[in-house]
């Protein structure tokens, strides 16, 4: 689990809810038609930009990735791959059959080796899988970006609709305040959706993209080197070159 | 038909209309002079940026493309082209005479082969056609972008005009509310035109541009290879290289 | 005449004026001090950014180019140049003496040939002329951009000045409405100047720049080829290569 | 003196002051605490971004350059350099001792030649001087940009402070108007500082940068050629290549 | 200490506080729930974008660097390195044992030399350290940028919440003013956090990044040259090439 995403999102909503309770009743902040305009309208305007089939899955993938844990750190991946290389050196590809592997992509690669597939086949299959996953990630990003743009726009549209209705019927002065309060709710909803969910998720997915690209490329290269029967020491040395300077320094400290 | 565009646009308008009905009468949201300012003014300001002859056709093309279906998927196109290649192998170019072809661009290319045109002529004619279509697409995009910028601007201009008129004649306090409601309508219209129609269409056309460029280039290359009598297996292999990783993976799964 | 610019600008102003008349008197929208702030202030802030000598001429050139007609289309230019090439082939450079030429740049080039100037001289003189004209065009663009930025800023400044004056003297409640109406006029003026004149003109000049660069380069190349006594057929073929795909297709249809 | 900068700035302030006088007393637009917030706060926020030592000098340099005259035009510089080249040809470097030179950078270069310095030394010294001056220019630009961003922000902060104070003490309705008038003053000040001084100066300094870079590079090259005893005709020809097309055309007309 | 950062920040806050005291009581500008929304919400929305472990340290590093002094100037660094080179020439690496070194990075490098490490090891260790520090700097920048974006957004959200609460309970007209005053406080807090802290710090860290990159690269190169026993004169000459033109000129003046 990526605690930062969850803590941040729940925390931000919690803070706003607390502030609402401190100031009065929570009920006056719930208005179903207002939600309909902002969430429904924002989703519809997002829909226009994409293919019908892409939207649902992209939302799901985007959200899942955003709250998913980091998986094994590059440091752990390298030592795991080095261990696997040692096993193959000792007992051949068949030695991998019953090994427990933490990362699903690495597990798949290990299975390929155990099954005796050709180097070229493993490379192509794993790279295709990686590209597919990265494409889904960047589509998820684009969709949250579109919703983050259109939700505040529909918030404003909803407020304008409410203002026009209030202004056209000002016979009862006592109703002006509450009507205007309701009119402002759509703007509030739009701001919450955009600033608590969409904009931060877009930046999170952006960062995850880079991390995933690195670790999956590292795994693919490691699997290929195991397949080629390279010595564990050599594998380790080559994989460390993938790490950014910062992680390499931590690795050196830990050593 | 591209369902996402239609569903999204109608859905977004439907949501706003529903919200209006829930809050009161629909009539107070219809004001012809306000529409005149936003739609007319927005179109005029768009017109200044282009040649008179381009505007009409670009709107049409842009809209048509945006709601047009995707056409055959690259996957279907490749198998269709492979089939055509097989026919030519078996019964020569004349065998193509009575073949049913799903895609109009591909149909034109097949007709060229059946009519015995030179490779060079077919290449030039089809590439010109593709460039022409892509140019129209990008002009459609530019025009919706211009309207998406100027409609909200004229919405604001209309609201300012209404506010000035209201403020200059405040003798009858009862008229203030309704006058201001009408003044806000232009801002609402501008926001709707921009956020439900123009901005999403610009992004849609942007995506369609890439898709069209890919599939048409794929068709042209396929037709040229058929004309050169390449073997169907070879044609298929070469065309698959055009596909993005994601589609290639689906293809492999389907195989 | 470029009808789109004129129709668009007059149309947009006409629409706003009509909307004003529908809602009341036109007089309340005319306020000379407000105009002074927006137009004067906007021009002054534009002036700071440029050299004194450039501003006047750049405005003039920009406006002139924006409403100028397209001149001969590339298609017509090519056939005219081909004809001229034929004349020179038949009756030598002197045959050009009394020929009527539609485009002024082309006319100048033809005169150079008739006067027997060297190829190198003609090339340099015409290229310098073209660069000079393109420089003026892009300066006109920059100046309208600066005015389009500063006019709304001074519209806001004027409204703030008006609001402060109104708020500081609220003894007479009846004067509040009209004072505020006047205060809003500067914002309205700024929005009109920016959205009806400046922003569209900047985009128009941008497009004209590309068109002019193309057609003038085409003319220069055509004149040089006539000077070199190339055959009309060859001239035509080489000049067609300058055309963008779209125009080339129209040319082919027309042929 | 660069008249455009001075005329534009004084003109813009004059127009705003005139508009204020037309509408009432000038005194209500002067509020020292408001000025303190906008000017002081804007300067402090600018200060954070830079080193203490840079800010003062950068403001000074930026302002001085912005209102400084253009110096000799490239056209005049070239003929002056050509003359100097002729003098050296006739009477050797010592002939430069008592020559009057209009441009200070050129004068320094001429002094170097008269003093018999090596080519390499002159080149390095003059290039260092030019880079130093261009660095100061671009720092001046960055500082005015920072102030142009932060002044309106502190204008808004000041207005918020004023509004909160006014709203918290609404016992005396008669004081509401004047309090709000004062609250708006900071926004007005911020808009004036940004739109009349900072934004135009940034663009002016940007343009000056290009002009200075051109003319100083031209001077350096000219001085080096004089030092090498090149013939005046050759010097002129080589320096003209530095000029942009526009100036070159004027030169040709003047010739 | 970087006085500009401290003076600027304290000065800006001081100016706002002074303006508040001039206009009334300070207490009305303190509202704990409002602070909770802006600071808490802004931090939560920042948290979503990063890993939990990065946020705290990045804030610390960013702030520390922003108010840290410049360290030794490049000019002083070069003369210090030259001195160290002389010591090694005279008394060998062991002569460095008891030398006092001003800069901690340089001190570490000198220690490496005294301890007799290999050139390759020193190079790698010091470059890793530099990259690590630059990475932390750029992460600090990204985090202040995220907070600078989300604080004003939560300021607006807080004001909307307050407005809705006020409008829904307008029974007591006397409470309207104070309620609205409180509602505006979150917008004020958001503007202060963004404009006094975050935006200027982002630009400061940006500038520090370039300075640090230069001086640390200079130190590394200097240490390596000392390790290689290069002559002090040669070391000085090579290091001066790192300096930007401006500093080089000051150096020449000082010489």
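Letters A, B, C, D and E name the chains as they come in the text, with residue numbers starting at 1 for each one.
Just so it is clear, a residue touches a chain if its C-beta (ideal position, glycine included) is under 8 Å from a C-beta of that chain, and two chains touch if they have at least 3 such contacts.
Computed from a predicted model, the values in this text were never measured in an experiment.
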What is the minimum number of touch steps required to go from chain C to chain E? 2
Return the chains shared as contacts by chain A and chain C, ordered by label. B
Since chain C and chain D are copies that touch, just let me know if over half of their interface numbering is common to both, same, or not, different. different
Rounded to the nearest 5 degrees, what is the angle of the rotation that puts chain A onto chain B, matching CA atoms? 70
Approximate Å spacing (C-alpha centroids) for the pair chain B, chain E: 48
Quick one: report the Å distance separating chain D from chain E, using the average Cα coordinate of each chain. 30
Chain D, residues touching no fewer than two other chains: none
Contact residues on chain D for chain E in the complex? 33-34, 36-37, 40-41, 44-52, 55, 127-129, 131-132, 135, 146, 149-150, 153-154, 156-158, 160-170
Contact residues on chain E for chain D in the complex? 2-5, 7-9, 11-12, 15-16, 18-20, 22-24, 28-29, 70, 176-178, 180-181, 184-185, 187-188, 191-192, 194-196, 199-201, 203-204, 207, 244-246, 248-249, 252
